[in-house]
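The structure under discussion appears below in the form of structure tokens.
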């Protein structure tokens, strides 16, 4: 790629996109959540395996969407491996954008924050509680607040 | 009228200088007389900064907002949302997304009536208004009454054109209204109602409060959180902003609980053939392509007005009002319709004996002076006062004491011109 | 693609020259590349004439309209009503007051749904739409269904993305809908529906017809009387006009019989504390201060577009569409979503294998090319097609064949850039 | 008045205003109507006495309002004296504005046309038919079509 290429498609972003960290299902998940950004169709599913102390033993994601949403999900999985629930809950949206590492316009920030939102949701969604009803639009229901609109 | 102190003069100067920012103020009227624009309660004028802000958008970065990934759409979206921030700060909203951009104050009130109203008001419920409301704050509730069978009660004004706290208190006690909707400042009487106090009384009686701030937001510092009002509406064009835009402010808890109003793009989360789900605030109430350039123009207007200082503006308007009010009251055959100046902002309505308001207005126009004539969209008030039409002079920061004097002088001429002189029609 | 004749070239020149009237077309995008604006279906750009017409209003004669007796109000009122005449002529309305100014196409459809809909549609009644409708022509009817319990049926498209007259006929026969509401031109597929024929079929089945002409009025000569449609809606910002304004056209008999929508000033004949009576057309549907400068800007836009000639515009757009469509179809891994060019106007939507539409859009933006990505407010259509997001290039008269080529070249680059290359993430 | 005075308050207009033609009630009216322009509060009432051939024997008006509305009503009464029903029905709005004799802005045209509208209504309102229900807003009900709005 030429040097004038937008940073958001920097080498290490595309690396994560093509060769993601822990992509796939985790059968032994203790916590899981899924959600989408209906505005662009990005979907992210996250499976977590936590030990009794609330420490992440394994973190896996699956999904479908643009480079930003999928690469950032991969980065996030890599980042939280071995972290505690508290540490993850303290991880802010700004830190997520920082983790991605390249300035994003407001519209693309939503792509980057999708996995972050789903992760926060997964922490509160133990598998035993039954997850069938969160599938569609679950993230939106849990994460209120302002959004940008859809395109026209 | 109190004399100007040195510090008054210092704060006045920027207001007087502001005239240069308003190209239209330099023109003449049909008769060739220089314009004296005293029709600001109907709509204010635009400074160059506002015209240019919109032109700049169209010339340099315009595209439809929301989810466009390309450069122009990103820039337009940022500017549009930045305008929301400016508006939220201007009225002291807690969070930006409590500010909904609408087509105007009228659209804002209708939005509340059709959403909050349709879901919270039922047969026999009472909506409390004042008799001095603008049609925009009457008709939507009458339409709601047609739909759901609620009742509407009007607070009367006393002989001084005022409503006392006791009358408010008693009406709330008696009618137990679900909603108390009233104007922060009357567009005819000029009266500035004690919004914070009445809101408190209403809340003590479990009423929701909607403030028609169309004549308040442009003229004095407003803080919706200090007011503690549940809904506040106003229009852009009365605060030096463009036409085609207004604001609906609502407390987040209320807005979140309300169904959406207009359906279409942007206000949805998901649409299937079987139905739709609703987006979060503020999109929920902004269906379709919003007034993008208008929001940007409104923000420029708010910044312009803020820089002049709303306290300075209120002071200056008040002085002009005092002067006009005193002069009118001293004229034979002229009756001021409204309270004494200490109770009102920059609006003075009046009647001239035996001269119809339209002829007054036309006569003044001949001298360049623009005032409104008619019922000013307050027919119930006019009926209550037993008059069909009044004339109204309304001031904004760019008006001057000198213009007040010109207006009074011209009115004296008009009075003389139409005085009966025993004319006889030519017999054919 | 057919070659240009000499007469084509002659009619093309004014369109190419028009670029100079659009300041924004001269800018560069975030990456420094010259702008190639192919997002016209979302919103078009403004020529200087439109920006100046609004600026002229604000600088020289602005005041609130309606019944003001003074010079500025007379001038503003005249300009505002003259804009209505221009709009009425532009779409071939029989009389001016069949043209209602609204906040946009979305507001127009909602107006019909809340007035004509609420009074004429009941439980079990059917509203017929096509699956390719914009959310603006779906959600208001779903909201109506929530209120009155009617049913909504969607006409499917066939494998060629088209709907045959037979399918329309059969659906009208089967469902006996009270309303058939469809788009004159799809904002995604680009399909131009045979409005006049379908309207005739619908009328033969006693259905009222609403045409979403948001993507038609800007791009080809439209005559609502020739269409014989009952309601026609469109937005100003898609025809080089300002944001904050749109049109609702309705046949007078229908508009007269409908209750008013928004309540407030101007739409009333008389207001008493006990109720209100409604003004005549067009005021009845224009509550409050209307979008004055926006109407004036829209009229300037219509005049501008008329001078270029709508047939010339349609021809030129069609040629660009043909070229883009052919090029896209010839690319490996690119799929055109929509019918062949002979069936559509200046819109081409497409999908690129294994590259998300957002990344396509962002990649193109890097080369200065602005296209939309997403569901384009047509989620039911996307669901029906089994896709979540598409990319869309949409042309207007100021675009050039050269820009089409730049777009195609850039897309090839984007395709290459995102092709899997067996990259490996750095192991930490 | 100075020469630069707007024409609409020309001498003969003010003459009609101060010394109107046939102002007052007509007890022997065969046809009558009344209406107002609620936008400005102008009211005009017209009483006509027609003979069996439909010829106007007497035409009287009463009312309240601005100079334009009242002076033009006076001019109209003077004009129609002795005319037939057909002649009056053929008398157009444009001719009414011409009768007034001075160019009026659209807003003031409505004032001038008020008595013309009421006159056309009166022709269709024989006294026997009972006029109680036309009082408020009668003109508007009879004369549809576009209007200018009210002031804001």
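In order of appearance the chains are A, B, C and D, and numbering begins at 1 in each one.
Quick note on the criterion: a contact is a pair of C-beta atoms (placed from the backbone, for glycine too) under 8 Å apart; a residue touches a chain by one contact, two chains touch by 3 or more.
Bear in mind the structure is a predicted one, so any value in this text is a computation, not a measurement.
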Shared interface partners, meaning chains that touch chain C and chain D: B
Chain A and chain B, separation of their C-alpha mean positions in angstrom: 46
Inter-chain centre distance, chain A versus chain C - centres from mean C-alpha coordinates, in Å: 36
Centroid spacing, where centroids are CA-atom means, of chain A and chain D in whole angstrom: 75
For chain A, residues contacting two or more additional chains: 38-40, 108, 150-152
Sequence positions of chain B contacting 2 or more other chains: 30-31, 42-43, 64, 67-69, 73-74, 265-268, 270, 288-289, 358, 362, 372-374, 377, 379
Category of the chain touch graph - line, ring, star, complete, other: other
Pairs of chains found to touch, sorted by chain label: A-B, A-C, B-C, B-D, C-D
Sites on chain C touched by chain D in the complex: 64-69, 73-74, 77-78, 81, 95-97, 256, 265-270, 277, 279-283, 286, 288-289
Partner chain C, residues of chain B touching it in the complex: 23-24, 27, 29-31, 35, 37, 39, 42-43, 45-46, 50-51, 54-55, 58-64, 67-74, 103-107, 109-110, 113-114, 131, 134-136, 138-140, 142-143, 152, 154, 235, 237, 242-245, 260-268, 270-273, 275-276, 287-294, 358, 361-362, 364-365, 369-374, 377, 379-380, 383
Residue numbers on chain D that touch chain C, as the complex places them: 38-40, 105-108, 136-137, 140, 144-152
Parts of chain A lying in touch with chain C, wherever the complex brings them together: 1, 4-6, 8-9, 11-12, 14-16, 18-21, 38-42, 64-68, 74, 78, 108, 111, 150-152
Chain B to chain D touching residues, read off their complex: 30-32, 42-43, 356-359, 362-363, 366, 372-377, 379, 388-389, 417-418, 420-426, 428
